[in-house]
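A, B and C are the chain letters, set down in written order, and residue numbers restart from 1 in every chain.
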Amino acid sequence: MTVIEINNLKKSYHPGKLAVNDVSLSIAKGESLGLVGESGCGKSTLARCLLGVEKVDGGSIIYNERSLANASRKALRDYRRNVQTVFQNPTAALNPKLKIKDSLLDPFLQFQDELQLEHFHFSSKQAFVEQLLETVELPKELGDRYPHELSGGQKQRVTIARAISIEPKLIVLDEPTASLDVLSQGAILELLASLQETLGMSYLFISHDLAAVHQLCQRIAVMKDGEILDVFQRDNIYDNSRHDYTKELISIF
Amino acid sequence: MSVIALSPKKIKKTKIWLISALLVLLLAVVAYTFLYLKHDATMTDVGNRLASPSWEHPMGTDHLGRDVLTRLLLGFRLTVGYSLIALAAAVIIGVPFGLLAGLRGGWLDRVFMRIADGFLAFPDTVIAIVLSGLLGPGIGNLLFAIVLVKWVNYARMVRSTVLTEVQKDYITIARINGLSTFTIMRRHLLPHIIGNVLVLASLDFGKIILLISSLSYIGLGAQPPTPEWGAMLNESRPYFQANPEMMVYPGLAIVVVVLVANVLGDYLRDKFDVKKEVQP
Amino acid sequence: MILSIKDLTVSHGEKTIVDHVSLTIDKGEWFALVGQSGSGKTMLSQAIGQLLGPNLRASGSVNYQESNILACSKTEMNQLRGKAISYIFQDYHGSFTPFLTIQQHMDEYLQTHGVKEKQKRNSMAKEALESVGLDAGFVKRYPFQLSGGQLQRASIALALLLEPDILVADEATTALDSVSAHRILSLLQELQQKTGCAILFITHDWRHVVRYSDKIAVMKDGKIIEVGTKQKLIHQPEHAYTKQLIQAAPTLPLRVREVSKS
């Protein structure tokens, strides 16, 4: 079953130059798709289009058999409830003036009335926050702290907890490990893998790190200059039919 | 702008105590003026004019025989009250305007920025004098002029805070989650703004007291026989050589209150300006 | 042996940041210093060139050509920097003055070290840019007109201009994506073979270490916990922390034929 389908997506910031050029991809339920490319290849723009932060210039994003472009308010709300995100820089992604527990509750409070949680259980705010923190392997006292009291890796766990709190169908991970140190990077990748196992959601994992993508994702797409050059199953990474650019990437790692 | 030159740590401790003590004292004064006043502040007694201090009149009487202490105490209530009203009005108008200009942008923002530039081209005092000169003397007109001058500062500050914060990822994420503009303002932006507004307001508080007093002194604000401090100073001018204390008391009162306001401002700034975003 | 560090300690007030570190770097060697942020690796590298901030104190010795660098005067140090030791940093934007062209940056370096003829300076600058794979025409450009990868190349050209004996690369590729990082590092490797300079390569990315270095030191909490050749550290790491670092770095699985070979 397909969670989301991107058809011939186009986006340009400067006339005549497409940041995302005719990209088509689909993500199945419970699948994690990796999107690899250098900085400036358009992978983050693609993510922003998916998240509805940028308007698309052409093509469509299909969710629940309907295009987002002409979705009703209700359908759009349903889409937002099911597509969450984790960004590269956890410090920027948390409001420095809010306690961790308040940041964590943001999506839940927004969609409270429409949610039917299967894994988590809401009895009180306190208990819910503790449950979330526990799921991302953080001590539950952290709920009462402010972001600047946490390390980078801890903050990224918090943003992950916030993203999974409403049990979305898809999480867009935009370079979630790029600003962390090595040991935290490895730990975050492991956490993401185990969360996917328990919660069964899909990932779109965007990164310039082919090895990290390979570790987490079943399928990998390679992007360059706004275009998708190559899409393959993880196990076929060393196939001879790989695109030359993919081979170049592989040679690096 | 620290008033007392001590080590930072000591200043902090001293400040908290000083502020608490002064605030309690000032509140006590206000309470006293409401609950119990021996004399009527405007009742003249020409037979007893310019009297020396006595048990009956601890600070003596003025040129019309009115009790100076009573006038000073009532003046405190008036001066502080007027300042608070002007301040509250400036904040209430300025903050929402700044939020809207920052979040909406577009023509609203452009129009606002032109207005703000216009106001910034002249010093506050000059605009206030011109405005209350045009509108005519009277405390109401003066307050109106002050609000008109001050709201721009709040709107500008809030706008610039909003402009820096909305670019950050956490606002983007709030938008992705479909939070309404109002919820984003209330939940995510207000906590950034409150601290700054409080600090600016406490510093402005002293300035407004000075502005009211000085404009009343030159006859544009509160009119006699209102026991406003600036007006009292004005009234006591002709008697300065014979009875200098008539001028010293309201002058001292202004100095003390403005000083307290500034110390309070400093304290609030320390309290809210701790750089919380420092990376560990 | 080109550089030998003995009992180097860097402290900030009561706090010890680098704790009695001893290391030797051989001529033409790629020496990797690995550690997490806060391990003290950057402080160690800055102490070598007397680049520490005013609140930091360094003791011990850093010996270069039988003289202790830490005891050098300011003038002696100016002669050493650039010619003996030069640096490239993570923040390549910060390495350039925004209102000077690349040529002007190079001029400054060359003049300090006594290249008087303008003609010679110009040709040296062009040559240096070409050696890092940049167009010679870039000398006229300002830093903001270059991309991140290009700027880091230019900073390498600048650092190698006077053919130093040791190049300290402090997280030089951390701000770049892995593809550009790889290109920069293979360039460095190529230049190292050409010029024979030693590289003190400071990084937190184990994968870069594995690929390029000859010798590896692992640093944690201000101390060197393990030093050895690359082969030794990869295949028989002794310290638990080293093992952790190796494990945390995601790597692609070896190809089937490579597995059968080893």
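Heads up, the rule we're going with is that a residue touches a chain if its C-beta (ideal position, glycine included) is under 8 Å from a C-beta of that chain, and two chains touch if they have at least 3 such contacts.
Quick caveat, the model's predicted, so the values are computed rather than measured.
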Touch-based graph of the chains, sorted into line, ring, star, complete or other: line
Per-chain Cα centre nearest the global Cα centre, belonging to chain: A
Interchain centroid distance [CA atoms averaged], chain A/chain B, Å: 49
Computed distance of Cα centres, chain C from chain A, in Å: 34
Separation of chain B from chain C, taking each centre as the mean of its C-alpha atoms, in whole Å: 57
Junction residues of chain A - those touching two or more other chains: none
Parts of chain A lying in touch with chain C, wherever the complex brings them together: 38-39, 181-183, 185-187, 189, 208-212, 214-215, 237-238, 249-250, 252-253
Contact footprint of chain A on chain C as seen in their complex: 36-37, 148, 176-180, 182, 204-207, 244-245, 247-253, 255-256
Chain B residues touching chain A - in the complex, by the definition given at the top: 168-170, 172-179, 183, 187-188, 191-192, 276-280
Chain B-touching residues of chain A, taken from the complex the two chains share: 51-53, 76-77, 80-81, 83-85, 87, 89, 91-98, 102-103, 106-107, 110-111, 146, 148-152, 162
